[in-house]
Amino acid sequence: MAKMIKKRSKKSGFPPGSLVHIGERRVKTPKISILDYDETQFHEEKTQAIDECFVFKDKPTVTWTNIDGLHQTEMLEKLGDCYGFHPLVLEDILNTDQRPKMEDYGEYVYIVLRSLEYNHQKDEIESDQISIILGQNFVFSFQEKEGDTFDPLRERIRTGKGRIKKMGADYLAYTLMDSIVDNYFIILEKQGEKIELLEEQLVTSPTPETLQTIHDLKREMIFLRKAVWPLREVVGSLERGESSLVQASTRIYLRDLYDHIIQVIDNVETFRDMIAGILDIYLSSVSNRLNSVMKVLTIIATIFMPLTFLAGIYGMNFKYMPELEWRWGYPLIWLIMLGTGIFMLVYFKKKKWL
Amino acid sequence: MAKMIKKRSKKSGFPPGSLVHIGERRVKTPKISILDYDETQFHEEKTQAIDECFVFKDKPTVTWTNIDGLHQTEMLEKLGDCYGFHPLVLEDILNTDQRPKMEDYGEYVYIVLRSLEYNHQKDEIESDQISIILGQNFVFSFQEKEGDTFDPLRERIRTGKGRIKKMGADYLAYTLMDSIVDNYFIILEKQGEKIELLEEQLVTSPTPETLQTIHDLKREMIFLRKAVWPLREVVGSLERGESSLVQASTRIYLRDLYDHIIQVIDNVETFRDMIAGILDIYLSSVSNRLNSVMKVLTIIATIFMPLTFLAGIYGMNFKYMPELEWRWGYPLIWLIMLGTGIFMLVYFKKKKWL
Amino acid sequence: MAKMIKKRSKKSGFPPGSLVHIGERRVKTPKISILDYDETQFHEEKTQAIDECFVFKDKPTVTWTNIDGLHQTEMLEKLGDCYGFHPLVLEDILNTDQRPKMEDYGEYVYIVLRSLEYNHQKDEIESDQISIILGQNFVFSFQEKEGDTFDPLRERIRTGKGRIKKMGADYLAYTLMDSIVDNYFIILEKQGEKIELLEEQLVTSPTPETLQTIHDLKREMIFLRKAVWPLREVVGSLERGESSLVQASTRIYLRDLYDHIIQVIDNVETFRDMIAGILDIYLSSVSNRLNSVMKVLTIIATIFMPLTFLAGIYGMNFKYMPELEWRWGYPLIWLIMLGTGIFMLVYFKKKKWL
Amino acid sequence: MAKMIKKRSKKSGFPPGSLVHIGERRVKTPKISILDYDETQFHEEKTQAIDECFVFKDKPTVTWTNIDGLHQTEMLEKLGDCYGFHPLVLEDILNTDQRPKMEDYGEYVYIVLRSLEYNHQKDEIESDQISIILGQNFVFSFQEKEGDTFDPLRERIRTGKGRIKKMGADYLAYTLMDSIVDNYFIILEKQGEKIELLEEQLVTSPTPETLQTIHDLKREMIFLRKAVWPLREVVGSLERGESSLVQASTRIYLRDLYDHIIQVIDNVETFRDMIAGILDIYLSSVSNRLNSVMKVLTIIATIFMPLTFLAGIYGMNFKYMPELEWRWGYPLIWLIMLGTGIFMLVYFKKKKWL
Amino acid sequence: MAKMIKKRSKKSGFPPGSLVHIGERRVKTPKISILDYDETQFHEEKTQAIDECFVFKDKPTVTWTNIDGLHQTEMLEKLGDCYGFHPLVLEDILNTDQRPKMEDYGEYVYIVLRSLEYNHQKDEIESDQISIILGQNFVFSFQEKEGDTFDPLRERIRTGKGRIKKMGADYLAYTLMDSIVDNYFIILEKQGEKIELLEEQLVTSPTPETLQTIHDLKREMIFLRKAVWPLREVVGSLERGESSLVQASTRIYLRDLYDHIIQVIDNVETFRDMIAGILDIYLSSVSNRLNSVMKVLTIIATIFMPLTFLAGIYGMNFKYMPELEWRWGYPLIWLIMLGTGIFMLVYFKKKKWL
């Protein structure tokens, strides 16, 4: 799983607003993809030079610029100069351990959230910070590594499916967020399956590895929770229309998104409860197992200790031990021993120790 | 019990507002039942063609249309076109893993809640999502499978019992919700009985299965809680009269419903507390049991180990062991052994280990 | 203790506002007692016919009608018709598992709360639902069984002690509630004593029954909590003067009552904390006990196992075992065994296992 | 420690506003001390007759009357009559188990809070209820027993140190409260020391008494919490200037007091967290100890059981046992036994059981 | 780690506003450093006489005076007289166990917060209280000991890097707080590393020391939490512009700082969750270990007890024991014993005890 804490110490001592990328470099060269469209037009291009974006600045069409890879800080600086973004916004894009938040700068809105994807090869959740800048006629999206989260969305714009081409930049920003939240459901499904598997395993064959799995699930839930909880606030304040960039017609969709987020939170909390329950069951079944081992031990000790004692008695070398001379002494002692043993077994059966 | 997480992944990548049914198909063909009434008239029909509903659209009478079965998405689309429902509403009807919520679209109010029924055959709680659309003179209700929750209500409308025929569509929507919440009380009764049974069992004969039962009850409570908590908000906002579709005379009933929901929540929380207490008791009695097994083991070891040792001593083959030659050596050693054993028993009695 | 969940299922399917009594029938025939007074007059009568109350309806004097026994629903119906009470109010009076609440119907205020009394014979808390309807010049109080909670109050009205006869119906309703809350303090005192007893017992002689007592106390606290928490809200909204039936001069008394309720809640929470602490201590002392048993077992095994082994050695029948022939072999082996035993005892002493 | 619950039952059945003292009588005769001052004058007297206070009623100077001992209820009645205090105020002064609260009666403000002092002889916290009535030109303070909490304050007034003589009655009430809150810090210091001692002990030598100490600390924290939490609200509402008796210049001091209370609360919560942590550690170290005992037991059993078995084998009396005749049989068996023992010790070392 | 509770008792009995330093004296003589600048000028000096600050009082340039060492209370008194600071402010500067808070005195704002630094030599967190007084054209900062937290900031002012010289005193106060919060991230990084190390250790080799480390981490988190939580409120109220001393242009930076604090809080809570999880795992693995020891014990006892019993049987000295005379009796008994042993091993294998 992703590290919990990134190397903020790299930045310590710099003045506020300094552009230092604190994540890992995950792509070789930043990749820029530009989609420019309105209800009737559509234009797409891929480039590596940030300057090419600037031509779209004053066009009335909606321009979506997606940038994968953040380590070239000078690129961001240029962009910031051209569009007049506040240095703190640029700094936040580079600090890839942000808590989801929304900041309204009047002319534009800065949104940061966390995209989570399930990596099936490594069987772990991969996380990436997505920054979105929404302006009157543009949307910028920034991420550390290349992802395919937005591919179906691009396809929809290209083919003009859905109502996306008829709507403005605010609706585009909404669909970006919606795609990311949709992925959370897939993660939840995966986690749900793991939890159900775990519950079955608990009953049939708990192992010490079960504990590790419980612990891992718990950590992932903490992680998921950290990503989703603040998002509620972000979408909530967008939906309440605190920014003039969000039109009334888009708010109804944001309310829907808000509901989805609440649902994710609800499920995360439910899962946390369930995992806690599973841990209780696991610990208790470990206890039960110890109990059953102790019972076996007790039974053996209770049966054989007196018998061995009896054998010891008649192994003594006293000169005058009349029983030793008896003709039926040996069979008799066997009978006594068998009787004692059977009596004790019956007794334990009654005490429910067997 | 119902799955916690439904296959949302089916829907991933579709644009918002796409109609995809994510639940299981539980009835063969959707069944539509229409009740149209006012204080003086009453008309009822059953059909499978959604078009037949449309004739009631402009009649001033209250029309209640109930649809069982949601997998024919084109039916919903037709309905949405005719009544002008927002695509997101239709999408939500089909996403049968919604959190209870209420959305006011001005012309109509969309309410989604969860119906819970106790299936006595399978000894488990069955859950179904009920969507309600309340308009000026109509109520639509949607559910995945056929249920008999609303049968007494239908009967009341047919026979004209109670005040239902005198009131508007808002009162009808209220009675629908009321029927569902009434079922929660039946579930709570069932759970309450289980908890009382469990408490008795704990004292008389705890078994490892007890643990499984506790765990199952806990899960069901989590489930119930998830269904009821958000409902409070839903009914609360209806009661505060945020929608103009709800008349003042109905609000007093909604307040009553609100109180019922609070009562359900209260009981769910109480049950959770009680189940937690039962788990504590169970774990503690497992501990006590281990304790009592250990006591037996200790007593046996403490009594027989020294005795066996003594027997071992006089089983040694040393040439010069004067005791072995004594006339009363053998009876004497028996006396010593008996004395030691009795002394230890008395000692343990005093130490309260017996 | 009283059942947590009453048979609501009896009512399932009835239209809202139906009068069905869901509690147990606890008195044979309902008893009605009427007190009619103002500063100068006083009139008292006992009856079984509800019609006799109606004569007081339009008199300016304060009329307090107390009804014990609720199973004759037709009586309530008559009363409701005469005074114009809403059907939901009558329904709530009969549903004797209500959560404390206050409902303002303008002309009258409906208050429901829970009276708790300690039954010394059965050593358990008995609970009864008290419904109060406060009007301009009347107070109705309803309860399932006959209680003596209100006896001192009746006496005070008869003798004219205190300021009750000078004040209106709102002050009467306040004193009714005050009497009930005063009983909570008595319950708390009783519980406090039990907790202190439990704490002493824990130190001197914990038994498995202790666990049961802890569990019972916990349940009673859950029960008490359920009765008191919502009451805070009830009295709070009365005190804020949300109803015009409550005069300013009475509000100061309601504030005092409110403080009492807060104090009860405070104590309930404190007791819950203390009981949780006691459970911790109990479990820990069970653990300690297991520990001390294990220590004894270890010491016995550690001392006698090597000694028995040594005795076994010299019980072997090898032909050539020189020690067996030694003159002082036997005393020597005794010395060795004693030495080993003493050494081990000293060692354990040092290790603090003894 | 002080009892949690006082005998409220004494009062049950009395009308509201009855003067019954529910605490214990802690001083023989009530002691009254009067300090009358303004910026230029100072007058002090001690008396036992409440009437002597009344002469100061209409003087413009600030009069502080402190009364130790509350069992003479008629004294309070006289005072109430003279100053026009509400009967509920007098009742609250006598109910010495109040929750801290502030009540504004317009002409005067009634404040009740809890003074806590550490009794070094009994090593426990002693608690007393302090009631303060603040008027335009007077302050009354009531407590059950004689205390020296206010002595430094009296000295300050006598000598005219600080700004107290220049300020009004509200500042005096503030300094009274400040003295009490200052004492909380001393208690916290004491508790902090105990916790640190406990933490050291845990590491070096945990005993069963440790558990008792943890439990006691926990109880004291519950007690402290109960005294401080509601005080925040009291001082908060005074500071917000809800009463016209509090001047703006005094509010800045009340804000400071408010901060002190928050700090006390903060520390109480921190201590609670720490004590919970200590309990965890204690329980875990008990577990570890059991573990280490079990290891010793296992090792002994594992080593001696096979050896004793071997000795048993060669103690059998079969006629044909060739090994018994061997010249080096006896030394050989010793070698085999030693070898087995050493092998097992090495094995356990490797398994980290030693 | 720093003591949780400082010696407030030193101060008990003093009037409010008395200047008594309750911390430890950590520097010999207080050191005063003055930086005076505006966009064009820069002046720096170091001194030990507080009087030298006063010349800057009426200059329009921004003056930052940093004072290390607080035990010379008369110095503070002089400063307070000159600048007109309220005695409570001076008192708070000296009480170095304050909770972070912000107080607006109109002319100036008093801010107190806690600086945390990781001391790598002692492997512990060091804490110091930083008091900041922000006025129109000055900032005072006070700390108990010399620290290098502000060194990079001083360098930035000297070299004129960043926008600091262009902005006012409010921005300077912001950067002071920002430097302190930046340090929290470094502490979090360190803690994060410790937690990850702990998690690895848990799997490979848990020791009793692990428990101590968990406990220490938990304490440090409690400490960190106490420092950060109230800071949120402080910065939040500054950001909301409640003081007129904070300009709009600085608020955007304060919002950023606020976000950083939220992020720190978020991480602290996450760490607390993770540490709780680790403790669970640790306790459970101790349990598992006990379990595995018990299994070994059971197996040994189960195998050797019957075998030793058999050997005892044939060690008895009965005269008539036919088996003893058999030619193959001895090898036969060996076979029987081996068979029994192997059978039991197989049985345990099947029961998953091995």
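Just so it is clear, A, B, C, D and E label the chains in written order, and each chain counts residues from 1 on its own.
Just so we're on the same page, a contact is a pair of C-beta atoms (placed from the backbone, for glycine too) under 8 Å apart; a residue touches a chain by one contact, two chains touch by 3 or more.
Everything numeric here is computed off the predicted structure, so don't read it as measured data.
S.K.: What chains do subunit C and subunit E have as common neighbours?
M.R.: The common neighbours are D.
S.K.: What is the set of chains touching both subunit B and subunit C?
M.R.: Neighbours common to subunit B and subunit C are absent.
S.K.: What rotation angle takes the CA atoms of subunit A onto those of subunit B? Round to the nearest 5 degrees.
M.R.: Fitting subunit A to subunit B on C-alpha positions yields an angle of 70 degrees.
S.K.: Distance between subunit A and subunit D based on Cα centroids, please, to the nearest Å.
M.R.: The mean C-alpha positions of subunit A and subunit D differ by 42 Å.
S.K.: Using mean CA coordinates as chain centres, what's the subunit A-subunit E distance in Å?
M.R.: 26
S.K.: Counting only residues that touch at least two other chains, what does the list for subunit E look like?
M.R.: 287, 290, 294, 297, 301, 305, 308, 312, 315-317, 321
S.K.: Would you tell me which residues of subunit C are touching subunit B in their complex?
M.R.: 3-5, 7-9, 11-18, 86, 88, 92, 97-99, 101, 103, 208, 211-212, 215, 218-219, 222, 226, 279, 282-283, 286-287, 289-290, 293-294, 296-297, 300-301, 304-305, 307-308, 311-312, 314-317, 321, 323-330, 333
S.K.: So in the complex, the part of subunit E that touches subunit A is made up of which residues?
M.R.: Against subunit A, the touching part of subunit E is residues 152, 156, 161-164, 175, 178, 182-183, 185-186, 188-189, 192, 195, 203, 252-253, 255-256, 259, 262-263, 266-267, 270-271, 273-274, 277, 280-281, 284-285, 287-288, 290-291, 294-295, 297-298, 301-302, 305-306, 308-309, 312-313, 315-321, 352-353.
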